[in-house]
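Paired with subunit B in one complex and with subunit C in the other, subunit A is shared by the two complexes that follow.
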Partner chain A sequence: MADLVKFTINGREIEAPAGMLAIEAAKQNGIEIPSFCYYEGYSLQAACRMCLVEVEKMPKMQVACTLPVAAGMVIRTETDQVKLARKSTLEFLLTNHPLDCPVCDKGGECELQDMVFKYGAGESRYVEAKIHVDEQQWSPVVFYDGPRCILCFRCVRACDEGMGVGALGVVNRGAMSLIAPNKGDHLECDECGQCIDICPVGALTSGPYRYLTRPWEMDHIGTICTHCSDGCKTTLGVRNDEIVRGNNRDRSGVNGEFLCVKGRYAFDFNKHAERLQSPMMRVNGKLEEVSWSKALETIANKFGEIRSRGGKFGVIGSNHTTNEENYYLQKFARQGLGTNSIDHHRTGDVVTLVDALSGTTGRLANSADFYERKAVLVIGSDFSVEHPFLAFQARANFRHHEAHIYTVTAEPVREDNYAARSVRVAKGEELGALEGLREALAAEPDLVIVFDDSIKGDKVRSVVEFGQSLGIPVSYCALVDYSNSRGAIDMGLAPEIGPGYHATGQPGMSMNDMLAAADLAALWVVGANPLENAKLAASKAFVVVQDLFLTETAQRADVVLPAASAYEKNGTVTNGRGEVQRLKRASATMGAKTDLEIIGLIAKEMGLAPMMGPWLPETVYAEIRKTVKGYDIPLPLVTIGAQQSTPVNGRVGVESRPDLVRSEHNNLFESGTLGRYSQVLNTVIEGRQSR
Partner chain B sequence: MRYNDPSPLETPVLTRRFRLPNSQSIDTYLASDGYKGFERAIGMTQDEIIGEVKTSILRGRGGAGFPTGMKWGFVPRTSPKPKYIVVNADESEPGTCKDRLLMEFDPHQLIEGVLIAGLAVGAQQGYIYIRGEFRYLIGVMDKAIDEAYAKGYLGDNILGRGVKFNLATHSGAGAYECGEESALLESLEGKRGNPRIRPPFPAVAGAYQCPTILNNVETFCAVPSIILNGGKWFADLGSPKNGGTRLFCLSGHVNKPGVYELPMGFNLMRMINEVGGGIRGGKKLKAVVPGGSSCPILKADECDLAMDYDTVAAAKSMLGSGGVVVLDEDTCMVKFALRIMRFYAHESCGWCIPCREGTTWLKKLLTRFHEGQGQRSDIVMIGDLSKNMLGRTFCPLGDAAAMPTIAIVEKFRDEFEAHLDGKPCPYEHINAFSKSGLAA
Partner chain C sequence: MTFSPELEAQFEKFLAKYPADKKRSAVIPMLVYAQDETHAITQEVIEEVAKRCGVTPLQVDEVVGFYSMLHKKPQGTYHVQVCTNISCLIVGGEEIWNQACHKLGIGHKQTTADGRISLEEVECMGACSWAPAVQVNYDFYHFVTPSQLDKLLDGLSAGKKPDEIAGVKRASC
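Right, the complex of A and B next:
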């Protein structure tokens, strides 16, 4: 931290670190210096000239965005000269701006509107013709309206510096200057839409959102993206119970304003035409729509009958459903159905990592660590593609703190572009490359080691041993695939482990065992698609599936129950770093019920309701707080969403099953079964090419 | 061989070889004291070389007139980074056409100046950034550089004296903005030619963020003579605080337009009447742009002054890059303002708002005004908009557009008023008449 210096702004004495930019120092002290091109975290431009201020002893006005404060400096931000400069800059800006605010998507939340309202002139002196160029579509999600563009170059920097993609640039000169996409007439990039969100005006607009609504007609619901395990907060714009937009302009949540294409656009599966809206039952070999009461009654009768004759149950939970639903499901399975055969698709070896770190605290990396630690070692993962938020954090860490990034991967990855060291190894040989990095890593002040499913079982223990032998503080992260993969294992969706990593000590079938067991009597699948690439051996088994769509598994079911999506329910989910965050209901779909409610209704039908307790997310969460280690977090803190859960302090005490761990390695445009139903993910050119 | 006949009033220093046969060749150059300054500089310390340049009171010939020796002194000599010498040969200021002659007729003088600058700061690599439209000069310079390599004046062990210096040309791509030093460096690095935030200045972080000396062609060309004949000799050629001679590019309505090398402080009226042979067709003088299109215009009665940096600055204009544009009484000043503004609107890089939008607005406004569609309030607005650009733009291009416009509106307001009320331009008639040959 630099020494504090004293200086004045508008006569007020202010203290700030020497060298801090005047615009930042002013902001921190509640003094607004307007600007367009200055954007915290990205390179300085000094291009918009809105932040001109008077500085005593300097002949000309200075731009506050490149002015380091110094002791004794006298800054004035509200003199006549400054006000006139702002007014005239805005007058210049509006000369070629089309002022089509009534039909502009940005109208109502436009920085140019706000600036002109506060600092601009009340009248226009411009009577010449405006420059016009036609609007361009760069991709299904990005449109560019050149005349509206004020050339602040935020989009260029967000794409280049923030995303490491660099798909945007500037063409032409002077007033004819335009932002241009990397492929001449279209974009090929991450399609993340950061450029659209960062645009202060309506120059860059979002394909799916265009002309759908006025911003003030929406409700804004902050919830958690349901796609990958990075667990980004996404603020959904909801109009008439329909989600029309995703962004995170309030910079809340662990991710700040970062969102990838999935977080920003892939909520659209929600209104896909094939969403299930009614329960279905197999009648004469065909699935037919039935009433909820009929479906529930059938399930309850069948489950009751199988339980009483001691038939084999198999229960498969989800990587997408909430902690409450997972907890409730395993409780039902274990206490209601009397089976320990409950599992889910495991995508990363969290169990072994937790065990290997037993006896220590604070060794599991959180989101902030990726931005704050001085070094990050990425093993196996194509980080930018599979974990775009964590990669964004690491990139920002490199940019702002000159952090050293190390990669050990089989294929070239984007991180190579700025990595301190990139090691290429054959797949499966990742562990062997670590020794070669020992000297460099041991010289770092601290380190995050992050690995995908190429490191599992004993290899996890080896990585932890390696990390602990470096003699520096190291935190770890086992990458997992989906929005609540971590929560699923925390809640005990595994035969060998109960909630909070307690060994159950009871026999039970794993997912693979269930599918292979010829004598399985009933298979209950909640929000998963195990039959996508597998066969169910038990041809006579009674199969119940809760899902949004008629997946391969649902097509095999005897009863299918339409489930609500993550955007249609309340609850909590736990991201890949163990940060528990809160889902908030944004919209409703006719006919579907939340998995929690469905499980509750089945329990009620079976007369198990008193044992299960109410199917209210808050009530179930209260029980989780009491029974699951690391989850004793009050809900208001979960809403802020940055609370680290520390699962265990002792050994897990059970053989983990690395053989069951298998990541799907979904890229930016895939999201398991769910991804198939997102129109955006299926229409962007990169999504089509990657299939 | 040169484009215009010399004037007996000239003091040929930089242009002294222009009339020698085959003046571009290294043999001609060597036969006329070529590379003698450099050879002398090899035996001097860095401080001695910079001291000599300081003594010469050589001021930057690109336009700003910053003392060259002082600029060279800013280079941190202990920096572990490589240092670069960059020649600004992006001569694009309307009215200025001297650097092209210096390169075309005496390319080795430039190379020698660069070599001495390299010695002065310990640089081993130089670049000559040549305006894209000067395609033919790239060939001329490349040939001269090849000759210098062949004769051992460039390379890894120059003249066997253990001096290393390599030099290359780099073509601009047609942007006036790239004549601004930081935009030039961006362009040299292969990026879009937008200016950089300063500080840091190029002396500290220039090409590839390394310490860099960046000067105009004419500035470098003066250096060999300074080292050979001494700084004092050069200083004495000019006027106080303005050392040496300068190449004035006399253009416009004079009888003998051309590039003339005259001592600093030469009287402007003498330049027009005696060097330039007076106003064409016996017309009266209306105004003079003293140093390229970005300089505020001088009215005829303001032109009896010494052409050095300080005197012209005292007259609220600038000596600039030496482009003296003479306008006779038949010139429409509204059209002249429009012509200048068209240039700046076309050349504004688009980086900052006031310049990008201001120049384009003024261009449109002046076009409309000149066509007789102006209103009285527009006259005030032209000045107003210019003042709203002045001092608020990212780089000096905005100022360059604003300053002449403000001066023209202030000094020739009557001509603007003559265009009001839908009246046709009063000068169009005269010009059409004279162009048709009927005037005689």
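Right, the complex of A and C next:
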């Protein structure tokens, strides 16, 4: 760190590292210097002149956002001259600004509104007609209203530097300047909405949210994105029990304010017209709506009967349901139904990684590592497309810390643009390419190695051996697909593994075995769609499905129970790095119940309630803390931020099953079954092109 | 898109001048020279320059929109620029400008129907000492009088080259 220097702001003696920007030094000391174009983390622009301050011995006022502090500097931020400058800057910014705040989406949370209120003049001297250009729609997601734009270029930088997309630019000059999309009249980009999010005014607005509400009429519910395993915190804006917006302006999660198109917009599956709202039962070959009591009674009777005659059960859990639900489900399966045939769709080989790292601590990468470690090696994954947040972290790491990014992939990836080395290999040959990187990697101070399902089974061990032989601190991450893929295996949704990676030592069918077993008596599927591309061999099996939609699997069911989505429940989920975070209920769908409640109700109907315990998320979490290795994390800590669970502690005493690991490699606009019901993901043109 | 061999050679020279990761520095000179040849910066030119300089077409478009000397609309064979900034203004620059518009029947940044002449009202061209000043393509005309302007525009309209027009002299600075 640079040497500390002493200087004063408004007469107050302040100490800060030499070269720190005056605007930052002021902020750290609780002194506000108003700004528009300055945005921490992005390149300096000095375009808006809102941050002018007086500096002694400098003839003119200085922009604090590009002014490095030096010893002995005397800065003043509240003199008459400064106040007048702010007033004039705002008057200029309002020259062509339409002042349509009463109908503007941003009204109420607009930085320009706030600034004018605090620093502006009460009236303008301009009488000239304002320049008007018509509003443009650039995509289903992004709208641009030129007259409202104050030309701070935050959006341009967020897209170019933050996203690595560079889809926005500034055309024309002076008062005629406008922001323009990369394809002339429309955008082809990630549709992440970061540009809209970062816009201080209502110039960029979001298609799904436009004109739906005023900011102060919403409840703001902090929860976790239910799509990929990156596990971004999202703050849902809820009005009249309907989710209308997703963002994370308060930067409260691991992801700061980052969200991709899925986290920001693909909550819309929640109100899809095909959401199930009533239990259904097969009557004369057709699914018909029935009451909850009828459905539960039927399931309980059938399950009870099969259990008493020793019939074969198969239970398939979800990559999206909460830890509590997964834990509760496996407990029910193992202790209530007496079967060890419980599984889920495995999307990355976490088990082998955890095993290979046994005896070490602190080797599982967390979210911050991708931003802080000096080097990141990405194996197999099209990182920006499949893991938008982690890729965003790595990009920021490169920008801010000059981190070295290495990629080993079959196809070109966005990371190539700034990677220290990109290695192209045939699919399946990824491991072989590592030796070629040994020298470069060994010279790094530290490293994160992140891999997708191209590395599984013994290959995971080889990667870890390779990493450990480099002689530098290395942390690892096995990428998985969905919001709680990691939690599913941590909670023991696998026949060979119980909660906390305990070997069960009991026989049990894997998901593939269940689907193939001709004598399967009952299949219970909670929040998964195994029959999307597969057949169920047992034609007579009694099938119970809990889901949001009538999926391929639900269509084969004898009883279908309408389940609540992740945005409609409380509980915890664990992201791909093992960070446990808290889901908070944002809305509700009439007729649907949480999977936890449904499992509890079935247990109760079967007389198993005392064994299962109450179906309250907090109670189940308390049990998880006691039983699952590494999860002894107090709930308040999970609520305020992600806490990494630490399951590694000795060998996992089972044979690894790499044959069951298969990633869906969902791109930016896909999210398994859920993605099929998101209007936004289905309407953006990049989504359609990528299919 | 292909350019004349001379222009291609010129581009080569520009690109060789800058380090490989700073190729974008060649955007402006390339645009200027391309415009001389094509008389307008078309989308095709933008995309070609972007490709050669390793930037996005939008980034080239930003440059084109920013600099007033880069034109997206086709210019005439002779681009007549009349200065109406302060030094020229006080010695008749505005009258020269109005006369030119009137005579050609076109206005700012417009081109005659035959494509021979385009007009542009410009800011100071650095010829204040010899105001009022007019510029035709890269050549200057100093102390321009209404009658000289008439001769110049008549000559150009009639298909003459600037050097062939009697009674008006190119400045030799």
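Rule of thumb we're sticking to: the second predicted complex is superposed on the first by the 691 of 691 C-alpha atoms of A that agree within 3 Å, B and C clash if a C-alpha of one lies under 4 Å from a C-alpha of the other, contacts with A are read in each partner's own complex, and residues count from 1 in each chain.
The rule is short, and it goes like this: a contact is a pair of C-beta atoms (placed from the backbone, for glycine too) under 8 Å apart; a residue touches a chain by one contact, two chains touch by 3 or more.
Just so it is clear, the model here is predicted, and its values are computed rather than measured.
Do subunit B and subunit C fit side by side on subunit A in the superposed arrangement, or is it a clash?
Pair status: clash.
Return first, second, both or neither, reflecting whether A:485 touches subunit B, subunit C, both chains, or no partner chain.
neither
Quick check on the superposed pair: does A:182 touch subunit B, subunit C, both, or neither? Answer first, second, both or neither.
Only subunit C; A:182 stays clear of subunit B.
Is A:126 contacted by the first partner subunit B, the second partner subunit C, both or neither?
In the superposed model, A:126 contacts subunit B only, not subunit C.
With the two structures laid over each other on chain A, which partner does A:49 touch: subunit B (first), subunit C (second), both, or neither?
first
Looking at A:172, would you say it contacts subunit B, subunit C, both, or neither? Reply first, second, both or neither.
Touch status of A:172: both partners.
Regarding the shared-chain residue A:235, is it in contact with subunit B (first), subunit C (second), both, or neither?
The answer is neither, since A:235 touches no partner chain.
So the two structures are superposed on chain A. Out of 9-17, 27-35 or 45-53, which stretch of subunit C collides with subunit B?
The stretch that clashes with subunit B is 27-35.
Shared contact residues on subunit A, subunit B side and subunit C side combined as an intersection?
Shared contact residues on subunit A (touching subunit B in one complex, subunit C in the other): 169-170, 172-173.
So in the complex, the part of subunit C that touches subunit A is made up of which residues?
Going through subunit C, the ones touching subunit A are 56-59, 61-62, 65-66, 68.
Inside the complex, what are the residues of subunit A that reach subunit C?
Residues of subunit A touching subunit C: 166-173, 180-182.
Which of the residues in subunit A come into contact with subunit B in the complex?
Per the stated touch rule, the residues are 44-50, 52, 60-61, 66, 84-85, 88-89, 91-93, 95-96, 125-126, 128-129, 131, 150-151, 169-170, 172-177.
Contact residues on subunit B for subunit A in the complex?
Going by the criterion above, the answer is residues 175, 177, 192, 197, 345-354, 356-361, 364-365, 368, 381, 385, 388, 391-394.
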